[in-house]
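Each of the two complexes below includes chain A, the first together with chain B, the second together with chain C.
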Partner chain A sequence: MTMPEIPQNPSRRGFLGGGLRGAFLFLLGAASTLLGRNTQKEKTVWQLDPYKCIQCTRCATECVLEVSAVKCVQAYPICGYCKLCTGYFDPQPVSLNTAAENQLCPVGAIKRKALEDPYYEYTIDEPVCIGCAKCVKGCVLFGNGSFFLQVRHDRCLNCNDCSIARGCPAQAFKRVPASQPYLLKDREHQA
Partner chain B sequence: MNFFPHLVTSIHSLSVQARRRLILMRAGRFLIGLLLTLFFITSWTTLGVERFPPPEFEPGYQMPTLTTPSPRANAMDYLDVAVLLATLSAASWAVLKTRSRRRVFGVMIFSLLYFGFYRKGCVCPIGSIQDVALSLFNHGYAVPLTVLIFFLAPLLFTLAFGRSFCAGVCPLGAIQDIFLIKPVKVPGLLSQALGMIPYFYLGTAVLLAATGSAFIICDYDPFVAFFRRTGSLPMLMFGAGMLIIAIFVGRPYCRFLCPYGAILRVLSRFSKWNVTLTPTDCIQCRICEAACPFGAIAEPSAKPAGPRGTWPQLIGSIVLVPVLIALGGWLGGRMAVPLSKIHPAVRLAELVAAEDAAKTVDTSDATRAFRATGRPVAELNTQALEIRRNFVGGSWLLGAFIGFALGLKLAALAWGSAQTTFDPDSANCLACGRCYTYCPKEILRVKQGQKVACEVCAGKT
Partner chain C sequence: MPAIPNNSPGPAATVRPVSPSEPNLWPQSAQKAAWIALAFCLVVLALLVTNYVQSLRSDPLTSPELATLKAELVKNPLDDNLKKSIRLRDLEMRRQLTRHQELGERGGWLLLGGMAFFVLAIKYGYYKKKLARPDKRPIVAVNQAREIRHAMASVGILTALAAGGGWVVSSQSETKIVAPIVVAKAAEKSATAPAAQPEPAKPAAVAAPTTPYPTADEIAKNWPRFRGPGGIANAAYTNFPFTWNVEKGENIAWKTPITTPGANSAVVWDNTVFITGANAKKREVSAYELTSGKILWQKTVETGAPAGTEPPNVMEDSGGFAPSTAVTDGRRVYAIFVTGDLAAFDLQGNPVWTRYLGRPDNSYGHASSLDFYQDRLIVLFDQGDGKGDKSKLLALETATGKTAWESKPRPVPNSWATPITIKVGKRDLIVACGNPWVMAYDAISGSEVWRAKALYGEVTPSPIYSAGLVLAVMDGENLSAIKPDGEGDVTKTQVAWKAEEGLPDITSPVADGEYVYLITSSGALTAYTLATGKKAYSQELELSFKSSPSIVGDRLLLIDEKGVAIWVQTGPKFKELGRCALGEEILASPAFLDGRMVLRGKSNLICVGKN
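Right, the complex of A and B next:
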C-alpha cells in the first residue's frame, strides 16, 4: 500500500514520532530474531502421559468442551480379555452380566463381547465415553491397565492454555509435537 | 386400588424363589468383594504390570486396533496466517484508503466468523503475548512460528496504519462492536483511569506466563465461550456481562482490559498513517465527537498550543515518575511470595510441606500423585525456591512497570499538548470508521466524488 507523501518541513513532533517509530521497529526486529532462534516449524498439541495419570476424574469436568476431548481408549495387545473385568464391572455387581446396574461405566460406553471361552473383548464406544476414568482406575488397580485416557485430537481444540492441564493434579499433561500426538501404552513399557 | 394386578401376583408367586436368588446374589457379591480386596492388597505395589497374560487366540480372531485421529494439519495453521495478513491489509485499506465504514464492517464480520466462530478464538494475537513471554524466558518452550507471526504482524501493521487490527481483525473486538446499540459517553477522567487497567493486566500476564505459572489472558478470555458455544458458567456469565455492558459502553474489553490493546495503544501513537477527518476545513460542528462511541475524538481546547498543566504540575509529574517506579517496585517485591503461589509447583511444594508438618499424607490428589512418583521432596523444594526467586525479580519489575505506566500517564496528562482540531486521538482510536459517516465535510467529499486529499491520507506525518 503506497500513499503519496506531501512535501513539508519536518516538524519537531513529526521527527520525534519518526524516530520513535524506528526505535519500535528495531525493538520488534530484535525481539523476533531473539525468538526466531527458538521457534519451531511444527506446532505442538496437548497430550496426557498415561503412566502419570492418577484417574482423578478431572479430565471429564475440566475440559472447555461440554463433553471432554479426553476419552478412554483400549490397548488391545495389553488387555487380558478377562471374564471378570474390573474396568467393566462394578466392584460389587449384582450379577456378572451386561445389565447397567453391574457396570462401572456411568454412561455404559464399554461394549462387552464374548469371544472363545473364557475370554471377552471390551471396546470403548467413543462418542458415548465422557473420559471420567472410572474404568481406567478399575483396570489399572486390578487388571493389566489396558484402559487409559488420551486426548482425542479429532475433538481437542488445542487451547493455548489447556484447562485440563491446569487442573491436573498429577501434572500429566504436556505439549507434544503434532506429528506424534499420542502417548500410547505398549507392552514393552508395561513390563 | 391395584392398577397392576398381574405384576403383583407374579412377584407373590415367585417370592420364595426370589428370596433364595437374593441370598445367592449377596453371597456372590461378598465373594467378588473379597476377591477384589485381595487383588487390591497384592497389586498395590505393582501398578501397570501384566497380571493376566494376554490370551493366545485362535487364528480367526482379528484384534481391533486403537485409532489415533490426527490433529489439525500444519498447513491449516499457515492458512490462518494468510487470512490474518489478508484481513489486516483489507482492514487497513478500508479504513485509510477507501474511508468506508461499511467496508471496515464487512472485514470485521468476516474476521468474527473466521477467527471467532470457525477457529473458535484460538490462536489470537492477544493470547500470543504469553507464548512469546514464556519462550523468551523459558528456553524449554519454543514458540511455534505461526504464533510468532500472529504476535508480530498486528504490531507492524499498527506502526504503519494505526489500530486497523482492532477495527477489522480481532474477533473479540468484533463481537462487542456488533452489540454496541446505545452508546453512552464514559466521563473523560474515568475513562483515563480505567484505561490504566490494560497495563496492569499486561504486566501481570507477562510475569505469570514468563514464570510458567499460568496463561491468564486465555483463562479469562470473556468471549471464547461464545465462539465455542460451550464453556464454564462463570466464564459465560463474565462474557454475557461484558456484552451487556458493550451495548452501552463501546467495546469495554478493548478499551479497559485488553492487554494487547495496551501495546497497540502505545505503538499507534507513532504510527505512520492514522484515521483523520478533514482537519483543514473542520467546521466545528462536533458531530464526530458525538458519533465516536469510544471517546477518541476530544474537544479541542481553547488554548492554541503548549502543555495543559500549570508549571508546578509539570515539574511535579516529572519528579513523580522515578518515585512511582521505586514505590511500585518495592510493593511488587512484597507481592512475590503470594504471587508465586499461582505456580503449580510452588503450590504443590507448600501442600507437601504442610502434610509433612502435620505428619499426614494424601490430603489431596496432587500430593498423592506426587508421592506416587517417588520424587524426592528436596528436589521439589529446590524447584519451588527457584521459581520463587524468579518471582522476586519478576514482581519487582512488574511493580516498577506499573509505577512507570502510572507516572507516564500523569506526565502525559500534564504535558500533553492541546488539540486544535476535532480529530481522532491516535492512541484511543479503534479505526472503526464511524466518524467518516457522520462528518458533513466527509459526506460532501464522497458525494462530489473527490479523491481523498493528500494531507488526509498522509495523516499527521
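Right, the complex of A and C next:
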C-alpha cells in the first residue's frame, strides 16, 4: 500500500502565469462580444422610394398578396387641395363630381370632401386601395405630387424575397432600416 | 354478464368490467372523418381556384369594357345613358372585386381549418401504435352500430361546419361599397301642367275664427310661417308619399304654375296655401286651394314709398323682389317685400291694412321672413352697416298694423335670418340673429333679455330651438348652442357648446331632438349630437342647396337647387334612403300638411300627395 501523494503548493510563477492566462481569455471574450455586437446589422425592410417610382402599375399586380401591400398615401402638406384634382379626376372629366365616370381610381379608393370653396380634401381609403398608382401619376404630372406609393408594413410579409422589387423597372425598391420603414415625401424636396 | 359480488365492508362500489367485445371505435370514426375532411378540402380548393379565375375577369384595373365606355363618353359627354352604364358597370365590378376578395380570404381559412382537421384525423385514425391483442375478437353487431353513430356524428359536425362557413361567406359577401353619387337628372317640365291661367276656384266656406289669435293646437296642425310651427321645420304629419314622379304625375296631387316670381316658401292654413311674388313693378299675394291647387285669389300690394324713392338693392340669387315668406295666423295673411311694404289680407283676400316701413337699407334686399306671437306680427328689420341705429325688431298689432312695441336699436348690420318665438319657463322670448349677436327679447314688452356673441358676417341661417337649446349658426364663425334662461350678455356663461365644421351660409339648421343637422350650400351634410356638440358624421353630397332641411318623422329631407329631394335617415350615421326629382329649381323650403307636402318651385307650386 502506497501513501497518497501530498499535493505541492503552486509556485509563484505558476500562479501569476495562470492569472495572466485567465485575464487574457476574459479580455478576449469581452472583445469578441463587443465586436460581435458592433458588427450586427440592423433589421431592414423593403420600401419604395417615391422619387424613383415611375407609376408603372406593377405594384398592384406583382405583390404575392392578392391585394398588394403597396398603398397610395397622401402628403397633406404638399397637397394643393385642388377642386380639379388630377389625381382624383379622369383626364377628361365630364363634370367635377364623384360620379364613377369622372373618377380616375379604378376602385374608388379616394374620398373627396369639400372644405371651403374651391378647396377639397382627398383621403385614401387604404383597405380599398390596390396600389395601381394611377392617381400618383395624375398628381405627379399635373399636381403637386402629394400622392405617392409606400409599402405598408402592416400588410407586407417581409419575406426578404420581394416579388415587386424584382419586377420594379425603376429599381425603386430598397431595404431600409426597420426603425425607419417609410420613405416620405416632403415639401423641401418637392421645392 | 355475471354480477361482481361486493365483499368490501365500506359503501358499495360498482366496478364496470372491461369487456373484450367493446373495442375503441374512435380510430375508425377518425378514419372516415379524415376522408370527409379531405373531400371538403378539395371542394374548397376547387372553389378557391374558380373564385380566383373569376376575379381575374372582374379586375377593374384592366377592364377593357370600362375603358371602352369611358372612351365613348369622351366623344359623347352629354349621353346620360352612357353615364348610367358606366356607373352601373363600375359599381358591379367593384362589388365583384370585393366579393372575390372576401371569398378568397374566407375560403383560405376554411381550407386551413379543413386541412388541420384532416391531419389530426389521419394521425388519430391511422398512425396509432398498435398493441398486441392476444384476445382479439370479431366486432359484434352492437359495436358496429356504435361505430355508425360515431361516423354519423362526425359527418354531421363536418357538415354543420361547412354549412356555417358557407353561411358566413355568403352573408358577408354583400358589398359595402356605396354607389357613386348619381346626380339626378332634372325632369322635363311636366307636359300635364296647364299652360293657361286656371279659373279661380270658389273658396270653401270655413267658419270664421272668433278668437284674435290661434291656439297652440291650431298652429301645430297648420304650417303658418317659414319652416312651420316654431320655425323648426319638423313635420307634424308623415302620411304623405315619400316618392313621386312629376313627369307621370304619380303621387303629385297637383301642380300649378306660379305667375309672379319669388323665392319665398309656401305657408298653409286649413285648406289655403299662401305665397307671395314680386318683380320690379308689382307685388302680389296669392292664395291656392290645398285640395285642388286652384287659385283662390291674387291681390296686388301697392307700394307706400314716396315718388322718387330709390329702388331697393336686389340680387336675383338672394330671392329677387319677394324673398320673405308670408305668415298667417288663420285670421289674416301678412306679407313683406324688399321695398319695405307690409300688407295684411283676410283669408278671403280682402285687404285689411298696409304699412310702409321705409326703403330697407339692405345689400341684397330685405329677406327676413315674418313671424307672429299671439296677436302681434313680428318683423325683424335689420339694416345698414350696424351704425346709425337703423336695425330694430318690431311687433305690430295683427288687426291694425299699428306698432305694439319696438325694440331698442339693434347693434347689428343688415341680416337675412328669420326670428323665432320660444317658451322658456313661463316667459315667451323672440330670438333674432344678426352679426355678431344672437339676441332674445321679451315677447310681451320687446325688452332685451339676453344676448350672446356668436355670429359673423352676413347672417342668413335662421335660429332654431330644440332640446332646450337655441342653435344659431353662420359660416365663418360657429354653430353655437345657447341655453336660453340667462340674462344680459351670456356669451361666456350660457353657451353650452360650439362646433365649427360644416357651417352653412344660407340654409338653416334642423334638429330632431337628438341631433342637429347642417347642410352647406356646397352640399356638405354634418350632424352633431345635440346634447354634447360632438360631431356624429359629415357626408359630402356634391349638390348645391339653398332650401333649408326638414325633419319628417325619422327622416331628414334635403332638397337641392335642381330639385332633387334626398331622404336621409336621422341618427348618428349617414344613410341615404332615396332620391326623387321635383323637376325644377327649388330655393324654398317645403310645407308639411295632413297627407300633403307643398313646395314652391321656380315655375310651379307643387303638392306631393295621393292623387
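Assume the second predicted complex is superposed on the first by the 150 of 191 C-alpha atoms of A that agree within 3 Å, B and C clash if a C-alpha of one lies under 4 Å from a C-alpha of the other, contacts with A are read in each partner's own complex, and residues count from 1 in each chain.
The working rule: a residue touches a chain if its C-beta (ideal position, glycine included) is under 8 Å from a C-beta of that chain, and two chains touch if they have at least 3 such contacts.
In this text the structure is predicted, and so the values were computed from the model without any measurement.
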item: First, second, both or neither for A:114, with chain B first and chain C second; value: second
item: Chain B versus chain C as contact partner of A:60, first or second or both or neither; value: second
item: Touched partner set for A:97, first chain B, second chain C, both or neither; value: second
item: Touched chain A residues, chain B compared with chain C; value: B
item: First, second, both or neither for A:70, with chain B first and chain C second; value: neither
item: Touched partner set for A:154, first chain B, second chain C, both or neither; value: first
item: Partner chain in contact with A:106 - chain B first, chain C second, else both or neither; value: second
item: Contacts of A:132 with chain B and chain C, given as first, second, both or neither; value: second
item: Common interface residues of chain A - those touching chain B in one complex and chain C in the other; value: 66, 92, 94-95
item: Chain A-facing residues of chain C, complex; value: 60-61, 63, 66, 69-70, 73-74, 77, 82-83, 86-87, 90-91, 94, 97, 101, 104, 177, 180-183, 520, 522-524, 538, 540, 542
item: Chain B to chain A touching residues, read off their complex; value: 25, 28-29, 32-33, 35-36, 39-40, 43, 47-55, 57-58, 61, 63-66, 68-72, 74, 77, 89, 92-93, 96-97, 120, 122-123, 127-128, 130-132, 135-136, 139, 141-148, 152, 155-156, 159, 161, 214-215, 218-219, 224-225, 228, 230-232, 267, 269-273, 344, 364-366, 368-369, 372-373, 454-455, 457-458, 460-461
item: Residue ranges of chain A touching chain B (in the complex, touch as defined); value: 1, 3-6, 14, 17-18, 20-21, 24-25, 28, 31-32, 34-36, 38-45, 51-52, 54, 56, 58, 64-66, 73-82, 84, 86, 91-95, 115-116, 119, 121, 123, 140-145, 152-154, 156-161, 163, 166, 169-171, 175, 178, 181-182, 184-185, 187, 190-191
item: Chain A - residues contacting chain C, complex; value: 57, 60-61, 66-67, 90, 92, 94-95, 97-101, 103, 106-108, 112-114, 117, 130, 132
